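Handing you this structure, nothing more for now.
Letters A, B, C and D name the chains as they come in the text, with residue numbers starting at 1 for each one.
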Amino acid sequence: MTLSSVQHALTHFAAERDWEQFHTPKNLAMALAGESGELLQIFQWLRPEQCVQVMQDDERAVQVREEMADVLAYLLRLADVLGVDLEQALAEKIEKNRRKYPVHLARGKADKYTELGG
Amino acid sequence: MTLSSVQHALTHFAAERDWEQFHTPKNLAMALAGESGELLQIFQWLRPEQCVQVMQDDERAVQVREEMADVLAYLLRLADVLGVDLEQALAEKIEKNRRKYPVHLARGKADKYTELGG
Amino acid sequence: MTLSSVQHALTHFAAERDWEQFHTPKNLAMALAGESGELLQIFQWLRPEQCVQVMQDDERAVQVREEMADVLAYLLRLADVLGVDLEQALAEKIEKNRRKYPVHLARGKADKYTELGG
Amino acid sequence: MTLSSVQHALTHFAAERDWEQFHTPKNLAMALAGESGELLQIFQWLRPEQCVQVMQDDERAVQVREEMADVLAYLLRLADVLGVDLEQALAEKIEKNRRKYPVHLARGKADKYTELGG
């Protein structure tokens, strides 16, 4: 399944329920942040080693998968209402970061490297 | 480009820079929430009609695309380190919500329907 | 009741339950963001006029008060473990913003004024 | 300085700049979550021991204080526009949690105790 086919399924899901009226860019950005917050809460009191094993606990594994699905769902809905091609946006961002964080300078340093990862 | 090929590109990007040490589940969940917060800030003072037209302002359009790309990037990294198949997780969540919010009951109601959208 | 007396009550509450082990700066910053996300979710699907009247709905009013209390609680816990004097930090920030956003320049403009309010 | 005097100073600060039009409950909840996200980003790549020492780095200490001040500022503005007495709300929440998490049951357990701290 491609990202755009999932996106269409979500658009259809919202349209069938007449939920497009709620799916303004502002509301969707809020919903995305809200779901990210729920994901955060799963990990907040866990020690590092518990975080790594989180998927071995059946109940938590379901929660993690559902919260991650919700984040992706709202991100795709927001992309839809704003007309953003998410895959292309990500490909461009990776390219930009490749130039911004050359391997030989960025290796092992998280210090100033706060985007896409370090 | 499929979601999993982008995911592999991001994993490679992190590995090349020896950033995997920073990419613990806890840290990635934080980074995801942080980027969602940045996306939120783009919209926070805009009136609804300004939000809808946000992509017509070149500077803001770039910001929106980049923040959305960052959210997707960290979500994919988190899926990678936790071994979550994101597309499958979303497909299952859509199916679950289809049963939870039947069209004839959920139509036009946002009241108790806070997931996947209404 | 002063802010510092509430802060002491919270420190005592955590100590009694041996919860200080969980209250690292990182975990508390996550908990704070998580509670802010819950507050966000109360407002996400509401129309502007519904947001303004949110405290007239008894059930929602309780939710709003509790989420706001949680945000303040974690902020005070974080201030405690980091040794930050929150009231002084806010007084300094207001002073800084007074210079940054002079009344005659900032009046009615939200454009570039994203801090403390405009 | 009491919390309510700071709150009045912030209300006055916004009124002088004609920023009350932007300070709707929805927008303030977004701003609060956005600032919590910025605070989160300070800690996201730090190891636990670096988090504990964060206030010993002058540059980061300033950042931490400013982000915490911003979170408090927006929380107080939201309390103001919604007519919430924050100190009372927190006192009530502490009382509620005292009953919900009795010391002898909650000691040292973070498991189901996700509010106000454990």
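We adopt the following convention: a contact is a pair of C-beta atoms (placed from the backbone, for glycine too) under 8 Å apart; a residue touches a chain by one contact, two chains touch by 3 or more.
Everything numeric here is computed off the predicted structure, so don't read it as measured data.
Which listed pair repeats A-C comes down to matching contact pairs by residue number; over half match for B-D among B-D, C-D or A-D. Taking B-C and A-B together, the chain pair joined by more C-beta contacts is A-B.
Chain B and chain C have Cα centroids separated by 24 Å. Spacing of chain A relative to chain B, judged by their CA centroids, is 2 angstrom. Across the assembly, chain A contributes residues 22, 26, 29-31, 33, 36-37, 40-41, 43-46, 110, 118 that each touch 2 or more other chains.
Against chain A, in their complex, chain B makes its touches with residues 1-3, 6, 9-10, 13-14, 16-19, 21-26, 29-33, 36-37, 39-40, 42-43, 46, 48, 51-52, 54-55, 64-66, 68-75, 77-79, 82-84, 86-87, 89-94, 96-98, 101, 103, 106-108, 110, 113, 115-118.
Only residues 22, 27, 30-31, 33-38, 40-41, 43-45 of chain C touch chain A when the two sit together in their complex.
Across the interface of their complex, chain D is touched by residues 26, 29-30, 33, 37, 41, 44-46, 110, 114, 118 of chain A.
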